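One chain, chain A, appears in both complexes that follow, with chain B as partner in the first and chain C in the second.
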Partner chain A sequence: MSTVTATPNHQPSWLPSGSAPALRAAPGWFMELQDKAELDYQQLGLPGVRDEQWRYTSLRALKSAELTFATGPLNEAQLPDSDLPRLVFVNGCFNALQSDLAGLPEGLLCTNLANALEHHADRLEKVLGTTLPDAAHGFQLLNSAYCRDGYVLFVEQGTIIDTPIEVIFQNDAGVASHCRNLVVADANSQCTIIERHSSTQPENSHDVYLSNCLTEVVAGQGAHVDHYKLQSESTEAFHLGGIFIDQANSAHVTSHNIGLSGKLLRNDVIARLNGSGSHIEMNGLVLGSDQEHMDNHTEVVHAVPNCTSDEFYKTVLDDHSRSVFRGRIIVAQDAQQTNADQQNNNLLLSPDAEADTKPQLEIYADDVKCSHGATVGQLEQKSLFYLQSRGINLEAARALLTFAFANEVVERIKVDSIKQELTQLIAGELMNDIEGVL
Partner chain B sequence: MLKVQDLHVSVFGTPILKGLSLEVNPGEVHAIMGPNGSGKSTLSNVIAGRDGYEVTSGSIEYIGKDLTELEADERACEGIFLAFQYPVEIPGVSNMAMLKAAVNSMRKYRGEDEMSAAEFLQLIKKKAELVQMKQEFLKRSVNEGFSGGEKKRNEILQMAMLEPTLALLDETDSGLDIDALKVVADGVNALRSPERSMVVVTHYQRLLDYIVPDHVHVLANGQIVKSGDKSLALELEERGYGWIEDEVSGLQEAS
Partner chain C sequence: MNEVVENPAQEQNRELSELVKREYKEGFFTDIESDTLAPGLSEDVVRIISAKKNEPEFMLEYRLKAFRKWQKMKEPEWAHIDYPKIDFQDISYYSAPKVQPQLESLDEVDPKLLETYERLGIPLEEQKMLANVAVDAVFDSVSVRTTFRETLSEAGVIFMPISEAVHEHPELVKKYLSSVVPVQDNYYAALNSAVFSDGSFVYIPKGVRCPMELSTYFRINEMNTGQFERTLIIADEGSYVSYLEGCTAPQRDENQLHAAVVELVAHKDAEIKYSTVQNWYPGDENGKGGIYNFVTKRGICKGDNSKISWTQVETGSAITWKYPSVVLQGDHSVGEFYSVALTHNKQQADTGTKMIHMGKNTSSTIISKGISAGHGQNAYRGLVKVLKGADNARNFSQCDSLLMGDRCGAHTFPYVEVQNPSANLEHEATTSKISEDQLFYLMQRGLSEEAAVSMIVNGFCKEVFRELPMEFAVEAQKLLDISLEGAVG
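The block that comes next holds the complex of A and B.
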């Protein structure tokens, strides 16, 4: 007989000692929310390999990392070369000087969470935290307990924001930050958000930090929300992320979740289709190399009839990198006429890379169309030879074929600059001047 | 230009070429004919540098270089082009993208600057006209969903773009309708020059009416068993391969 001994819950160094420094002018309900999450966390602790959803994901390095709870920006963020309206967060705190919201139309509130808690608390109270999963895991609880800032976007009924809003999240070495973001798109409004996550020192790609960053999206009737999340974290950084989406009737949400670098990236992407006629598109691209580990746990809940979901995740792994994809689709008993599709394709560029893929379909209705497919493969020898026989060297041939694989997801991106950025990243110069020349 | 001597090649361990010799001089066109499975594609592939095609003995020399020392892409950069018997479909990579990568890769190999987008575009348009290929094919993924004939025509387009010194055409005529055969042959003939050599693998004499060879060889059972001029092709058309096989076994018995 073997006995299982529970190891005492090890507390990482990067939790705030005592209780977190209070936010200035935070309303009582918010303090209660944080206190409750802190208590829940103390009960639950961080996940471990015994938890089914963390089985393939080692947190050992993160748990023992020497990090401190972030209380303010130290370095400035390094801004990308774009002139989009933007909000900037360094070490989990708003950097007003680097933010610029000029050019946004009327009919919206775009600000940071700390400010919104001070001046728009009643609008927040109705929604903040409502999209989180009931059984939140330890990192999500930590985020609820210790978040101090993040972006907040309320788009009023019928307001259409043409230009994407860019949100920059950067962290210094040695920091643990917990941002909480909220997007509320009222009926028939439209918006596009681009989140960019990285280190404050992109030239030093070995900074160790934790970014535990959650985004809530509440899409009202007929609203259109396009959400992009680009993660180019330092190769020693930990990114624990969540995107939680609630959709009303005919709401149309697209999530593009793009993991480019990081020691450990894990995202939980959950969409609840609560209103008839709503549609979620979940696109994902993971490019892993070296020892990187990139996980995506997705969940689509078809709660009502006549909704559609279209999920398309692709993974490219080189060297010793690993990935986990879990795709859960739940079709509730009365969610008839559901149409759900899920595809996860994995390309292994190295014999030492490993991709785990796990579709989970739970269908309780009978009149539904559900399809899913998962593949793990390598580049085809005959294609490589064909390209080489045209004088293309092996490295370029691999890049071309890898681009071809990833491009099906890249093609779904509606913001041209991001499309170009990714094309350049994957194919280098190979695809320059190709498009639109004929 | 190309000197193959007593070449023995195994494909994934199976001996296929068993002492093949062939010499091609600059400007010459050689036709290789022979029964199915005799090793014609094996010869083309081993010259182009395909993995898994192992030279167990003998040599392949091209412009004075030992070819077996070079990777497939280096051979292409040195001027060898293989028009595949079965062109490969590459979903997601457009013809344009592949050819641009190919052209620039070869330029880099020769120490030249990349071709500008405008220059490339002009060139590919001109070459597409040469093989009468509609421009929409340039944007499509390489060979994906192309008909058999379109694939063969696409091989010739690529050859026209890359302007090889030694072109190996492996059954480029099979699957072509009569008009397409003329177009392809015209494309090939347009490239004929005193510096450029071609090895044309075919089953049909008809192609050789358009691309007139200097030499015709019969490859059987991994060896060149008979060589002659273009009249040999006519004879083969009439009599098949049986008589040569008889001749060869007669010779073997006599020796």
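The block that comes next holds the complex of A and C.
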């Protein structure tokens, strides 16, 4: 009789060997949470292409990457040119010297996770980890098991913060970092968060690192949360992100997810509409070039009646880049009067680019309006011809139309400075060679 | 006012409960002595099946190869359906009516069989004369009757049970069998290849337009007999054929497995139109009984300018798992998929299509209409894939769902994979319930609620019905009307 021996799960080099370095003054419940996640991870392991949610995403390069578990900042962060209140994380650890929280109003707790675990553990206990999906995948479990820091934002009832809060995440070459962030917006509060993810090196970095960064958002009754995530990672970097949103009655959340560069970018954006009258807007833009691989997996759960969702994801792919979009809308059995819309448009600029899209509707209620649309294609010949007939050369015409395609997502951004920055960035990238034409 | 005003929910429940009580109209059982193998599947059973059918050696080899592959495979579990595990050892894999008719006229056919057909509303004689349709009626596993062979053979068309084709045209069978659906393609296709009972074989020679629409009526009759159809249609260069398939089955309690394989091959400039109306026993209101319909249907547009069109109206079966697909290999080839799938009571359907674009300037159209009522779960699952060399591929997909009642579900799982930038793909899906406004409008014009619903549903499905041959379109509309009596309050 032959016996089947289980092959040991291949462990990548960037997992902490033995038990992870202990956190100073972490409460017992947090240690339990981490231990459980570690056990679950050991059971489950990392996903592979045989998993339906990962079938288009090769993790081979990441699994064999030589990285070390981050223990502290080595370099300083390169700060963007803005005067917004900011928190800075380098290699997954808080950099207090570079952070600046002056000018934030009362009614707000804005700090880093390590500090919050020490001083505000009771407030964290109720929410931390509650928004993660039940069937978390390997990277999410790893994050739960090994997260050491991240930003924590508690906005008290009725507090309205006008200024966006900027959070900088930067990583050095050879580092694997796992940040966990938490935003809790109490009833009728308002806040705007801008996450920026990049390398600590100046532009066009080719550093190899892994940023496994999850953000939890809990929006209370009538709360408004605007969340921006800008990813300009190094061209050799791996970014595995997640944004998990729970919404109470009449909560309005907007998630903007902008993927500009990175060897592998993957984001799981999940919103659960648990309160009547809540609304989620998910906007996404992916600009892929070279060998980049950019994934977005979104899920909207309409758990109760009278909620609305609006999803708008666009992808522009050049060179050998590849993108995956999976958008799932679930309307639970009694979630009547649901109005859900989802759009995913993909523009292929190169013969070697590939776009895979999987829009999905799962509907268990009858009085609903749900629609999804997905397109994959190139620029329209007619439009190109029209512009050329007006004396604009082909290259400029292509750039103009591509810009217009991408700009539809940028137009939805509510923070002017970000909008401008992105407009310039996209225009700059597209119109390098055609300066003077416009 | 002495009228009792029910609230709409109650009203709907009442109507729904009336509806679910409706008996399956085709539910009767014809008692014919038959030759049935004991349940179970092993290499010996495969050998017996092959021997009973007196098959040449190459077929036995083929079956055994498939059986060995099947043993190593696992049942697929990814579909959005839920059913108790099938015990493949509890199914009888062969059943044939004992009287093996070699008949010249209808008079010689077992009168009980004829009666069965008549109760189903398919009198062979009438169809022969009026509908100009050749009918190859499969009663359980063995074809008992083939009509119009002569008319067809004058045109050079071969239309016969595949079990006969194995003897009469072994070179064609050898060349094309499993050329589209490889034996190891999927679990049920492998099972079918190992134990398939019978089915139709069609060959249209070069340049021939088949003089009539070919049709097969299937019935599943023996208790616990898995039915494993195998259909192979080959359209040679420049030919055209339209093939109709329709099915009904008697009422019973045991779930029955039906795992058919249909292969279509269209050569250069050829066109195949394949239409299905499926009305097998869907089980009772509690989901008891009913047919498990796990079908693999695939066509290949081998030559340039070829075309394959699938049209299906799926109203029966407890579980439908079916993805008629087209591989667009030839340049300028065209694939089409038109589907209406209705699930009611506890019915579940996971159906859709695959369009694989390989040749240049290929185009495909997908129109899928799902209707869910009662506790029905209806899923569209489809793939549109554009390979690197498929320049200027064009696809349009539309998946609409109509929901009736608040306990049913409608789901869409489209996959789009594009590796060529010149491709132009559009996918749209909508889900909604029957519009109150439309209902109100029709009813204030004097239509009963039922007539109004029927009209709206038929309008919803019009794009698909339009693709059906005339006599099928009528049957399909009737089926929907019956299936949806009073489903909306």
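As a convention for this text, the second predicted complex is superposed on the first by the 407 of 438 C-alpha atoms of A that agree within 3 Å, B and C clash if a C-alpha of one lies under 4 Å from a C-alpha of the other, contacts with A are read in each partner's own complex, and residues count from 1 in each chain.
Basically, a residue touches a chain if its C-beta (ideal position, glycine included) is under 8 Å from a C-beta of that chain, and two chains touch if they have at least 3 such contacts.
Being a predicted model, the structure only gives us computed values, none of them experimental.
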{"item": "First (chain B), second (chain C), both or neither touched by A:391", "value": "first"}
{"item": "Which of chain B and chain C A:359 touches, first, second, both or neither", "value": "second"}
{"item": "Touched partner set for A:310, first chain B, second chain C, both or neither", "value": "neither"}
{"item": "Contacts of A:118 with chain B and chain C, given as first, second, both or neither", "value": "neither"}
{"item": "First, second, both or neither for A:333, with chain B first and chain C second", "value": "second"}
{"item": "Interface residues of chain A shared between complexes with chain B and chain C", "value": "none"}
{"item": "Residue numbers on chain B that touch chain A, as the complex places them", "value": "48-51, 71-73, 75-77, 81-82, 84, 87-88, 90-94, 96-102, 105-106, 109, 117, 120-121, 135, 138-139, 141-142, 158, 162"}
{"item": "Chain A residues touching chain B - in the complex, by the definition given at the top", "value": "381-383, 385-394, 396-397, 400-401, 403-405, 407-408, 430-434, 437-438"}
{"item": "Touch list for chain C against partner chain A, complex", "value": "78, 80, 386, 388, 401, 403-433"}
{"item": "Chain A to chain C touching residues, read off their complex", "value": "52, 56, 333-334, 336, 346, 348-351, 353-378"}
